[in-house]
Structure formats: structure tokens, C-alpha cells
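Note that the chains take the letters A, B, C and D in the order they are written out, and that residue 1 is the start of every chain.
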Amino acid sequence: MTFTAPVLSYTLLSPILILLGGALIGVLVEAFVSKALRPVVQLTLTLGTLMLSLFQVWRIRGEQSLTPAMGSLVIDGPAVLLQGSILVIAIISIFLIADTEHFTPLAAALPGSAEEREAAQAGNQVTEVYPLTLFAVSGMMIFPIASDLIMLFVALEMLSLPLYLMAGLSRRRRLASQESALKYFLLGSFASAFFLFGAAYLYGFSGSITFAGIRESVIGGSGNDVLLLIGMAFLSIGLLFKVGAVPFHSWSPDVYQGAPTPITAFMAAATKVAAFGAMLRIFYTVFANAEWSWTPIISAIAIISMLLGSLVAISQRDVKRMLAYSSIAHAGFLLSGIIALNKAGLDATIFYLFAYGVATVGGFAVVTLVRDSSGEVTDLNRWKGLGKRSPFAASAFALFLLAFAGIPLTSGFIGKFSIFSAAYENGATAVVITGVLSSAIAAFFYIRVIVLMFFTDAVEDGTAVEIPSILTRATVVISAVITLVLGIYPAPVLDFITDLAIFIR
Amino acid sequence: MNAANYLYISALLFTIGAVGVVVRRNAIVVFMCIELMLNAANLSFVTFSRINGDLDGQVMAFFTMVVAACEVVVGLAIIVTIYRSRRSASVDDASLLKR
Amino acid sequence: MKWLSLLMLLPLAGAAIISALPKSNEKAAKQAALATTLVVMAATIAMAVGFQRDNVDLQFVESYAWIPSFGINFALGVDAIALVLILMSTILAPVVVLAGWNEAHGGRWSVKTFYVLILVLETMMIGVFAATDLFLFYVIFEAMLIPVYFLIGGYGTGERSAAAVKFLLYSLFGGLLMLASIIALYVMSGAQGGHTFDLDKLSQLQMSSTTQNLLFLGFFIAFAIKAPVWPFHTWLPDAAKSATPGTSVLLLGVLDKVGTFGMIRYCLTLFPEASKTFTPLIMILAVISIVYGAFLAIGAKDIKRLIAYTSISHFGFITMGIFAMTSQAQSGATLYMFNHGFSTAALFLVAGWMIARRGSSTISDFGGLQRVTPVMAWSFFIAGMSSLALPGLSSFVSEFLVLVGTFTRYPVHAIIATFGIVLAALYILIPVQKALHGPTTAGNENLKDLNLREKLAIAPVIAIIVVLGFYPSPLLNVINPAAKHVISQMGFTDPVPSIGDK
Amino acid sequence: MTTSTSLVYLIALPLAGAAILLLAGRRADKWGHLLGTAMSASSFGVGLYQLMLMLDRPTEQRPIGQKLFEWINVGEFKVDAGLLLDQLSICFVLLITGVGTLIHIYSISYMSHDKDRRRFFAYLNLFIAAMLLLVLGDSYLNLYVGWEGVGLASYLLIGFWNQKPAYATASKKAFVMNRIGDMGLSFAIMIAFATMGTVSFAGVQEHAHHASEAALTGMGIMLLVAAAGKSAQFPLQAWLGDAMAGPTPVSALIHAATMVTAGVYLITRSNFVFDAAPTAQLLVVIVGAITLMFGALIGTAKDDIKKALAASTMSQIGYMILAAGLGPVGYAFAIMHLLTHGFFKAGMFLGAGSVMHGMNDEVNMRKYGALRKFMPITFVTFGLGYLAILGVPPFAGFYSKDMIIETAFNAGGAKGIILGVTTLIGAAITAFYMTRVMILTFTGTKRWDDDAHPHESPWLMWLPMAVLAIGSVSSGFLLSRGDALENWLHPLFDHHAEHEAHLFEPIVVSAMALTMVAIGVAIAFVKYARQEVSSVAPENVSIFTKIARQDLMQDRFNEAVFMRPGQALTTTLVAADDAVIDGAVRGVGQVAMGSGSALRGLQNGYVRSYAAMILVGAIALIGAIWVVVQ
């Protein structure tokens, strides 16, 4: 048996390799750099890595290859777009993560223990979040470009495991934070098991673990349909879990609420891009010819996601939970892009993912600003009168909410319009109508928050808005600008996406 | 022995694991059930590998084992932390976040 | 000259200047706003002079690629109907600024913000009438909710935030229905020769009658909420009651016209067959609106709610005129839109001054104002007379045209609607009697009459009401060809007089 | 038709007066009344000048027109702001401006103590302008402008003292009831346009005989409704009594001499419609007959001098409407009675005003008595009017009213008999209640309170009364001499249907009428001159008197049939708007919120239940697959 050395095209893989390298250096930094210097070094390193990676992504735009890593990965237009989006979101999220106020000084310490107090007084910081983030980002970068089941599974776990840990790192309300980590972990593993089992059946169906092989079997119609269907269903469970679609959504409100807000922002935005990216590739290329079998089911899931997310969000009192339910509804909207199964749907979904991701990070960034003496204030009742105390924070948040609601002149509107029209083009009338209807329901609670912020008098309870640090301010401003620009003049971005977004098979 | 029987066993194991996740309270046991599900999947991979006569499924099984090991590390870390804070490994006690 | 984009840019420039001003200098903000709106008004008039009135094509056309991948253009152009409404909007804007000189003071935010919002809204008001690209129209249609929402919620009175939310939710709901229809049109256009939002091309789409009916409903309900037509009206009284008088003027006078304008521009043009199918139903809704609005106005205890209900009645007339499909009714409806803007403006502004002085908007709190504040009382009275369509004042011409035009095709509807004029007498004269007549009641003895600024604000409005009552021809001559064009596009001709039956 | 450029001044002068007086405000207080009077007088001057010009022209060229500008022009609906002065309108022009000017003069003194006298003159000028537009407009739509214009002026003048809530209510009532009539006019115009494609008098006249009778009948009935509203005819008569809330000169000018006769003008002007629509014409007659009895009966029970006169006005206009409903033969007599009535009723109202002026604005006749001595001029002028309305020869009413009675009898058949008898009985009742007014006011013993100091009015007031009294004496004779008015108006009407069947000789009719009058006078004498009159109205009176005092239950009827149900409907709708329509919307919101809260329960915090949810989802997927595979 001869052993063929693997041929890797390093240029195309460079964005991922850079990230992994950066992450490994980050681990070394943890070991060898003094405690005092670590935060600065880590932040610089992480930002530098992400920027460099983004730069590389920019450089390889337009490249197409089925074999950058022996057929396990694929680089094409959508891959570049999704990777770029993930990186942009990661960069603006890093600004938030850099605010150490959110993280426990010592994750291993018992909540409220003397150890913890000492660590806090010593100025300890869990700078491990930076390498963890980089690992998660690399996983996310691989997830949408994986082209065999192994890479897909590895990427899934690679992006998930760091996130499980990071969810438990909150400085305040540590019990809740740890609980969210536990829930995320248990449910995430549970869903991974389904995913893996589904992968096994797909392998059984096609005799191949590569996407190309599975697709050929789907097209050829050889093999046992039951295996295919079960495989598809279980694989989808894993993916739908990641995007938070009903009924696989139940982790998201609890985790969104419990995790440190910067992590929530990063996770909510970037995971969605990665997971939907993978879904796009799988459903648009691998399962496209079995459309008859999955569109009704995905449509149903989209419809109940939109409705449930919107309805439950109405009665939420916590801003992070509200955004979580809103993200469930948005998962429904995005699923209509999967159902569209056409070029317009692909473009629209990518645009929507980017726009929504950016707005989400921006929204959570504002959440980090509203604090009292014991940390963040997420109880909506205490957001009353925010517009008076901090017009900057309140206006920005209002803008992001309007974007979520899909009001014209924000990116959300262009996204909704394009994704719904693509779905309608494929005959998904019911999905579009439900989407429009639930947008109306959703508008109700977004507007309620705006009312709270602007039209309700403040209660004097010590809730203050922190003077935003430069980095957080940068996050809010960048997100707001992107949200507005994509709403007012989206043509360049849309054209860019349209030109690039073509799957190669 | 008919290879299909391995598949049935695999499905059975998977089901036991899934049901176990739902009915058991101890976080460690829940986690073990998940591991059981992963191993059920592995069994399927190996079986299909055998049926198909190639090695891809077995390669996949190896990857899965590695990944599962990583998962154990992370999982145990989380469970231990929570146990230390709460003095309880019951997943039902961790229900602060709801509604 | 790119008139329309200039018109849209001017208020934005004004808004930019105002936001650059220091917050403390409120007077400068007001003066800048007034100056801007006056400049816009002058520019509009200058543009209107160049309008070729016998040309039924769109004029002052401009088009810039906006989102090419969706076939969306920033396309502007006006026909006579749009021109008249833009004219109305830009004339009302300085009046509102001048009349509501101090109304921004009770707000949550600075005076500066108020005028920035007003000017942004003015840009959108012009744009919404001038848009010839469906997507552009929709964007402005929805986006203009936001400034109004903040104007009501931030500067209004009473239950202002609840009213603002109600307004926004109703409008958004309607807008989303329209969005669903727009998506369908867009997709169909893609299947029939390329994605486009060009109104002309969209109107040539082939579609089944079921599709057409459904899409029509999406548009119509949105416009019916906006207009508002019964039974989609309940947001209006609340919004009008809570908004400042100036905002109410813009809301009822201009924004609601987008609904009726939309019915002409979009419902009729895009879905001629469905329009015909639904005409019987719409005519009934219109008649109900007329009578129902009038009854509720009679029963209203709050003066601002009363005016809002009268508007519901008036919008019933406009809707009836639009769908009656005779040239008289169609011209009358457009003229009605213009006239209603001014008579409602007059009513609301004077009512606003009355309320500001008295500190209450309950009608029965007033009494005997005619003897205390004669000029204010007279202004209210004339505005009221215009609202009840007294001959010699502008509303009469339009209301009568609608009625006579409707009568030739739908006599029964016209007859029921005509009962509205008796009810109109009641809903105007009851507040007139309670507030202006009778003995001067406690709390009203020392009210001040209108000052010079207020007189300057109301005088042009009343002048327009009177002059157009006697001499509507300049406007009618502009409107007629366009109205006729609408009718003939729909394949209708005026019913022929029935002489010779005997 | 010949055109003129000067007709517009008839209207423009008083309109300018009104505008100046209203806009100038208090600055014009000093000279406002003079300007107002001058404007009215100059309009009268223009009217006289036009009459002279018209007399100079041959008959067929007498009507002249003036197109001011294009008013409304949409499709086939073309209406110019145009004026038409013909033999009919010139009568009205002179009556309006003539009597109007006299009343302006009278008001200078009458209103001299009112600080708002300027405003009063402004309203009077406004009224003159609107009324002139009404009679000069050359189309129904132009007429409509004047029609509502006089309604507005009437509203303003009735409510001139609107600080009294009752007066304000009276003005509102008048406006609203007039609006019902206006609605009729709207309908008529719509019918005209829909059937004939025109709304000008000339156009309708030209096309009327081509149009279907149904359309014309509809139009005629609607015109009648309009006339009933403006002229206080049954069933829209209820506002006139309350309208007496206005200052007395207003009652004289608007609610006696001019505005309330607009209905007669409208019907006469629309002769071409009614001539072709016998049913509508019959209804006109019926309405006239009912109203003349209705008003007369109310008149017998009123103690308020102005309300008694108002009832009389209603009744007399009933005569005119009846005459107008009799077709071509009646039009001229209707107009004649209108003109003579304009003189004598205006005179009597001014007389009543003069009495009130001397009696601290007391209107209750039971508090008068024996005023003859204190107000001789008023007594004489009022008395001449009294004789005129009774129809005593040779006073004005004799000529006009006898003609109507005679024409009524000549209507033929049972209709003729019924109408004739009605008019005769009406004449008797008229004689009764007018005599009652005379006796209660001027003769008998004094019943006034001690703080009243009756005195004769100043010359500015009695002069107009005297002039009108001369009119009351002579106008009938002058107008009927050689059938002057009949011949003057003759070219306007279509006479081909005229029938000259006399049931009675004119002399017989006169005799009957005079007998009836005598009976009426006699009863009044017996009842009021022979016995003491109580200064408070007796309560133990017959049910008929009670009903008559309450205006034959007209207000009760309107209240029960229209107002109460209307108010109930309004209240219901207001409640329903909130509960049903808004409630439905709120309900949808609540359902959404409720289901949101319910679904929230799924998120119970237990990770095992979340896992179960995922498992259920998985099982559902398997189920779906099973369905697909099967």
C-alpha cells in the first residue's frame, strides 16, 4: 500500500491556518507571558490574526477549488463570503470581549468564594477567551466549506466546544452562567449525536462520506431511500439545533441569557452564519435533488420558528431572552432562504446572514452598556428612559431593533425583501405569508422596547449607561453604519454577493 | 451474521441513549448516555464500512472517538464546576434560566 | 433641472443645518426650519409653473440606478395628481412650522430634534408622492412612519406613546401586507421579462384574476389603513388626539393622503381588473366611512378626536370618488385631497391654539370664545364651515363633484353619502355652539386672542380655502386631464345623460 | 341672450361691505352701520337702474346674463359663475335690496345700543349678497351657493345673541333643518346632471321635455324638499318659530320678507320641471295647503308677538307654495303674494320690533295692551299691514290672496274644492289670529309692568315702517293693475297647458273670502276685546290650544322620531367603535400575547425537557419520513 502525501493548497487554506496558528500562539502566550501583559498581547494577537485572516480571505475571493485539502474542503464564492462574514463579525465581537468586566477572574473558583475575591483583587483575567474564540472561529470557518462528513463533524465540534466553555465564564450571576454552559453543552452534544447518527446513515446510503459522493447517489437514486431520509433528518437536527430553529431551539433563550453578553453576541451572530452556511451548501448541493422530501419539512419548521419566536418574544421581560426569541424567529426567516433553493435565495441568505449578524453584535453591544453597580441590567423594565440618559445607546439600539423588524432603510428590510422574494419565487407562498405576518407580530415587541427607551420616564434605580469604551463604541458604530449602509445603498454589497455566490460542485 | 443486525443494535443503543438523556437526572449519567449515542453512531459507521467494503466509515469512527474524548474533557470540566458551585450533579437543579 | 430630487434634498439640507446648530439656540432652529420650508414651498411653486397640464405623462422624470440587482431605481416623476399633493404638502409645511412655533417645547427631546424630524418628514412626503418606482415608494411609505412615530410619541400629549405605537403597528401591519404583494409582483416581473419595479412595466404583467385580487387586497388594505377607511380607522382618533396640532395636520393632511393617492396610483394602475371586482365592496366601505365617521364625530367629546372623525368621513368621500370611475368624481377626489389638507389644517391649528390656551381639549370645557377671542373663534368657524362643505369654500366644490360624479353611476351610494352633509352640519355646529357660543364659562374669560404669528399662519390657509371655493379652475384644469387619463386607463367613460328616454 | 357687465355689482357691493366690516373689526365700529346701509342702498340703486334698462328693452330681450368666470369644469359637468337677471329675478332683487335697505336704516337705531352693531351690519350685508346670488345665479349650482349662503347668514343672525344658549341652539336648529332641505337641492342637481347633463336653468329648461317623467318627478320632489327647508314648509317647518331668537330686523328681513320666500322662488324658477311632473306638482300643492293651515293654527295660540307673526309667515308662504303648485296660472300670483307679503309682513315685524323697543324687549303680548296711545305711528303702520294681510280691499293682500283663493278653486274637480275651502278657512283663521295680535297689543287695558315706559320709536325706525306701510297699502293695487305683474312675468312661463275654467266668478270668491275674514275678526273680537285678557297665559285651556301652543307637537315629533334615535345611534356607535372595532384589534393583540405567554411555558428551565423536545422533534421527523415512505 502506497501512501500518497496529501496535497494542500496553502493559499486557499491560509485564512484557517492563520487562525489556528494564532490560536496556538495564544495558548503559548497564556503559558509564557506575564499576567499583566497578557490582556494586551492577547487582544493584539487575536485582532491581528483575525485581520490577517480576513485579508487572506479578501485575497482569495474569486478563487474556486474543489480540492484545497484533498476534497475534504471546498473553496468557492459562497465560502469566501461566509468566511468573510464570520471574520467581520468576530472582529467586532472581539472589541466587546476585550471588555474584561464581563468575565470571571477565575473560572475555577466557586462563585462568591474568597478565592474568587482574591483573584478579582489581583486583577486576574481569563485571557483564555481569546484563543478559545480563535478556535471557535476556525471551526466556524471550516463548517461552511467542509465537503465531507468528517470535516463537517469536526468543524461542528470545533466551533461548539470553545463556545460551551465560554458560555460559563460570566463574571456576574455565575450560577446562571454555569447553568447555561451545562445546558448548552448537554443539548449541544445531544444534537451532535443525532448529527453523527444521521451522517452514519448517509454514509450507509451512499457508501461515501464525501458530499460529492452522497450527491451522486441522491441524483442517481441508487440506494435505500429510508437511509437517505433518516440520514438527512438526523443530520438536519444537528444543523437546525445550531441555528436555533423550533423545536430544536430550547437551548438558545437560556444560553443567550446566561452567557456573558459579548459571548452571546459572538455566538448568536457567528454561529448562525456558520451553521446556515453549512446548511446552504448541504441543501443546495448535496440534497438539492431530494427537494421533494425536505422542503415541506423545512417549510414547516420555518413557519413554526417564525411564529413561536415572534409570539414568545412578546412576553419577554429580559432583553437578552427577547433577542434570543427574536433570533429564533430570524432562524425561521433564514430557513425560507434555504427553501428558496435558487440563486436568488443563496444571495439573499448570505446577505441576510451578514446583515443580521452585524446587527445582532451591535444590539448585544448596546446591552453591555446598560449597567448598574452589580453589572449589566437586562431587565427591560429598567431600560425605561434610556433615551434620555444615553441617546447614543438608545438610538443605536433602536436602529438595530428596526433592522430586526425589517423597517425600510435598514439592512433588515433589504434582507427580508430579498429572502422572501426568493422563497416566493420557489412557490413557498405559505412561508412568505407567515413571514410577513410574524414580522408584524415581531414589530410589536421591538416597538415596545423603543417605547420603553424613549417614551417612558426613567425610574431612578441607579441603572446607568457606562461611558462606552472606545472598543465597544467602535462595535456599536461599525454595526450601526453597516446596518444603515446596507439599508440605504446595498447595491455594491448585493452585486458583490451576486457575482461571487456560486457553489461549485 | 447478517450485517443488518449490527444496525439494529446500533439503533437500539442510540434509542437507549436518547431516552436515557431524557429520563436520567445525574449530569454524569446524562453525559454517558450521550456518549452511548455517539458510540451507536460509530457502530453504524463501522457496520456500513463493512457493508460497503471501504475504510471511510472506520476512519470516521476514529475521528469520532477523538472528538468524543475532547467532548469529555470539556463536559467534565463544566459538570465539575457546576457540581462545586451547587453541590449537586442533578441536571434538574440547574433550572435558574427559564421562561 | 432635477426639480424633484432638489425638492427632496432641500429639507434634508435644512435638517442638517439645524442639527449643526447649538442645542440651546432654539430660536435659530425654528427660524431655520421656517426658512427651509419656505424655500421648499417656493421651489415647488416654481416647479409647478413649468408643469404642462395637458400632458398626462409623468413629468420632471428622473431615474438613478439604486439596487440594480433587484431592478430597483431611484425614479421620480409626477403627474398632476402627485403634483397637486406635493404642492399641498409643501405649502402646509411652513404653515405648520409657523403655527406650531412653541409646540415642540413640551416634548421629550429638544426643539432642534423636532424640526429635524419635521424636515426629514417633509423630504419623505415629497418622495412618497414623487416615487415612480414601486420599491422606492414602499421604502418611503414605511420609513416615513418613523419620524411621525417619534413626533407623536415624543412631542404629543396625553397617552402619546400608546397612540404612537397604535399608529405604527396599524401602519406596519398594512405595510407588510403590501410588502407581500410587492414581493409577488417582483417575482412575477422576474418571470416575465426581468425583475423591475417600474410602475409602467409592472402594470403590464399578466396574472390570473385570483392573483390579481389577492395582490390588490394587499395594497388596498394598506392604503385603507392609511387613509383610513372604515373599519381600519381606529388608530386615527387616538393618534390625532395625542399628536401636536402641527403633527396632526401633517398626519391627517398629508400622510393619510398617501392612502388615497396610493389607491389611484397603485391599486387602479396595477390591478385594473381587481379594482373593478372590488369596487362594489369598496363603495360600501366608503359610504359607511362617510356616515359612520360623521356619527362618531357628533358623539366625540374631545375636539381633536372630533376632527379626526370628520376626516374619516371625508376620506370616505375621497375613496368613493376614486372608485366611482367618473371624471367628476375622480377630479373631485383629487381636489378633495388638496382641499381637505387645508380645511383640516385650519381646524387642527386653531383647535391646537384653543387647547394650548385653555389647557384642555374637551369641548365642554370651552364656552363663549366668540366674545373673548373673536379672531380665533372666527378662524375656527370658517375652518368648520369648510369642513361641512359650505358652498363658496373650497371643500364644497370637491365634495359636490364627488357626489355628482358618483350619482351618475352609483345613485344609491351618492344618496346615502349626501346624508353626510346633514350630519356634517351637526358635527361642526355642535362644537361651535359649545365652544364658541353661549355664555363665557369659567376658565375662558382671560384667554388671549391670536397673536400676529398665529394670524400670519392661519391667514394663507383661510385664503386658500376661500379662493379655491370661488375659483378652483386653476387646480381643476391641472387635475382634469390626469383624472380623465385614470378613468380611460381603466376603460371607463362617463355615463351619458339619460335624456331621450321618453 | 344679451350680456351685461354690471350685474355683478348687485352682489359685489354688499359682499364687499360684509368683507370690510368683518375684516376691519372694531376699527369700523364708528361707521360700520353707515357703510353697510350704503352698500345695501347702492345695490338697490343698481337694481333700479337695471329695472329701467329692462323696461326699455323689448320683452324677448329682457333677460340678461353675465358670465363672470369658469367655476367648475370637469368632463360634462360645466358650471360657470354666471348671473341671470330676468323679469322674475328683478322682482326679487328689488324686494331684497329695497326692503333690505329699509331694514338697514331701521337697524341703525334699533341696534344702536348693541356694541356689536357693526358685526350685525356685516351679517346683514352678507345676507343681502347671498340672497342676491340666490336669485341671480343662472344655474342650480350657483343658486345653491346663495342658498347655503343665506342659510349661513340666517344662522349667524339668529345666533347674533348666541351668548344665550337657547339662541345658539335655535340658530343651530335652523341651520341643520335647512341643511336637510339643502340635501334635497343637492339631489335635484344630481338628478338634473345625471339625466340632462346640465345644471343651468336654461339647459334644464331646454332638455326637460325630453327627460323621463320619473326623473323629473324625482327632481321636482327634491326641489320641493329644498323649498320646504328654506321656506319652513311642512315637514321642515319647525325651525322658523325658534328663529325669532334673532334681532327683530332679522326676523323682518330674513324670516318674513326674503329668505323664507326662496322656496317659492325655487319652485317658480323650476316651473319647467314641475309643469312636466304632475305628481311633484301635486305634492307642492299639498305641502302648501298643509302648511298654510298648520301655520295658521299655531298662530292662534302664540302669545309671543314674534312667534305669532312667524306662524303667520309660515302660513302665508303656504299660500304662495300652494299657488306655485297650481302651475302656470299660479306662478304669478305666488310671486305677487310674495311681494305684497314682503311689504306687509316686514312692516308688521318692524312694528313688533318697535313695540319691543318701547317695552324693554318684552315679547309677550299678554303684557302689552293699550299701546295705541303710546305708539301711534307704530299702531298705524302695523294696522295698515294688518289690513293688508287680512285681505281687506284695497290693501295689498286683497289682490294677492284673493287671486290665490280663486286659482285654487279653479284647479278643477275635488282638488279645486278642497284647496279652495282650505284657503278660505286659512283666511278666516288668519283674520282671527291677526286681530288677536292687534287687540292684545294695541287696544284694551294696559297690562305691562311698571318699569316699562312705552314710547314711540325714533324716526330712523318709524320711517322704514312708514315706507313699508305705503307698500302694504298700494303694492297690491299697483301690481295687479292691468295684470301688470302677470304680464311682466308671462314670457317666462309655459302657458300652453293653461285652462280657463272658472268655478266661481272672481267677485264671488272675494265675497266669500271677505265673509270668512269677517267671521275670523268677529270671533277674535268676542274672545279678546269683550273680555279681560289675563297677563299670564291661562292653563285651563282646551287640548287643542295646548297642542297649538306647542307648535302642533312639531318639536316633540322631531325629538321622538329623529333626535332621540339619532342620539341613541351616536352613543351606540361611539361605544361600538371602541368595543367592537377597536376591541377586535385589541383582541387579536391579546390572543397573540396570550399565546406567547402560554408558549413561554414550554421553556421550563429543565434541560431534560429541552432534550425531550428535541427528541420529540426527531420522532416527528421520523414520523414524517414514515408517512413519505409509505
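Heads up, the rule we're going with is that a residue touches a chain if its C-beta (ideal position, glycine included) is under 8 Å from a C-beta of that chain, and two chains touch if they have at least 3 such contacts.
Everything numeric in this text was worked out from a predicted model, so none of it was measured.
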Q.
For this structure, I'd like the pair of chains sharing the most C-beta contacts.
A. C-D
Q | Whole-Å separation of chain centres (CA-atom averages), chain A against chain C | A | 44
Q. Could you state the distance in Å from the CA-based centre of chain B to that of chain C?
A. 65
Q | CA centroid of chain B to CA centroid of chain D, Å | A | 96
(Q) Distance between chain C and chain D based on Cα centroids, please, to the nearest Å. (A) 37
(Q) Which positions in chain D are in touch with at least two other chains? (A) 600, 603, 605, 607, 611, 618
(Q) For chain B, give me the residues that contact two or more of the other chains. (A) 18, 21, 30, 91, 94-99
(Q) Where in chain C do residues touch two or more of the other chains? (A) none
Q: Report the complete set of touching chain pairs.
A: A-B, A-C, A-D, B-D, C-D
Q. In their shared complex, at which residues does chain B touch chain D?
A. 18-19, 21-25, 30, 91-92, 94-99
Q) Mind pulling up the chain A residues that touch chain B in the complex? A) 107-108, 110-111, 149-150, 153-154, 157, 161, 164-165, 168, 174-176, 178-183, 185-186, 189-190, 192-194, 196-197, 199-201, 203-204, 207-209, 253-254, 257-258, 321
Q. In their shared complex, at which residues does chain D touch chain C?
A. 22, 25, 69-77, 81, 141, 144-145, 147-149, 152, 155, 159, 162-165, 168-169, 171-172, 175-176, 179-180, 182-183, 186-187, 189-191, 193-198, 207, 209-213, 215, 569-571, 573-574, 577-578, 581-582, 585
Q. Which of the residues in chain D come into contact with chain A in the complex?
A. 589, 592-593, 595-597, 599-600, 602-603, 605, 607, 609-611, 613-614, 616-618, 620-622, 624-625, 628-629
(Q) Can you tell me which positions in chain A touch chain C when the two form their complex? (A) 347, 387-388, 402, 405, 407-409, 413-414, 417-418, 420-421, 424-425, 432-433, 436-437, 439-440, 443-444, 447-448, 451, 454-456, 489-491, 494-495, 498
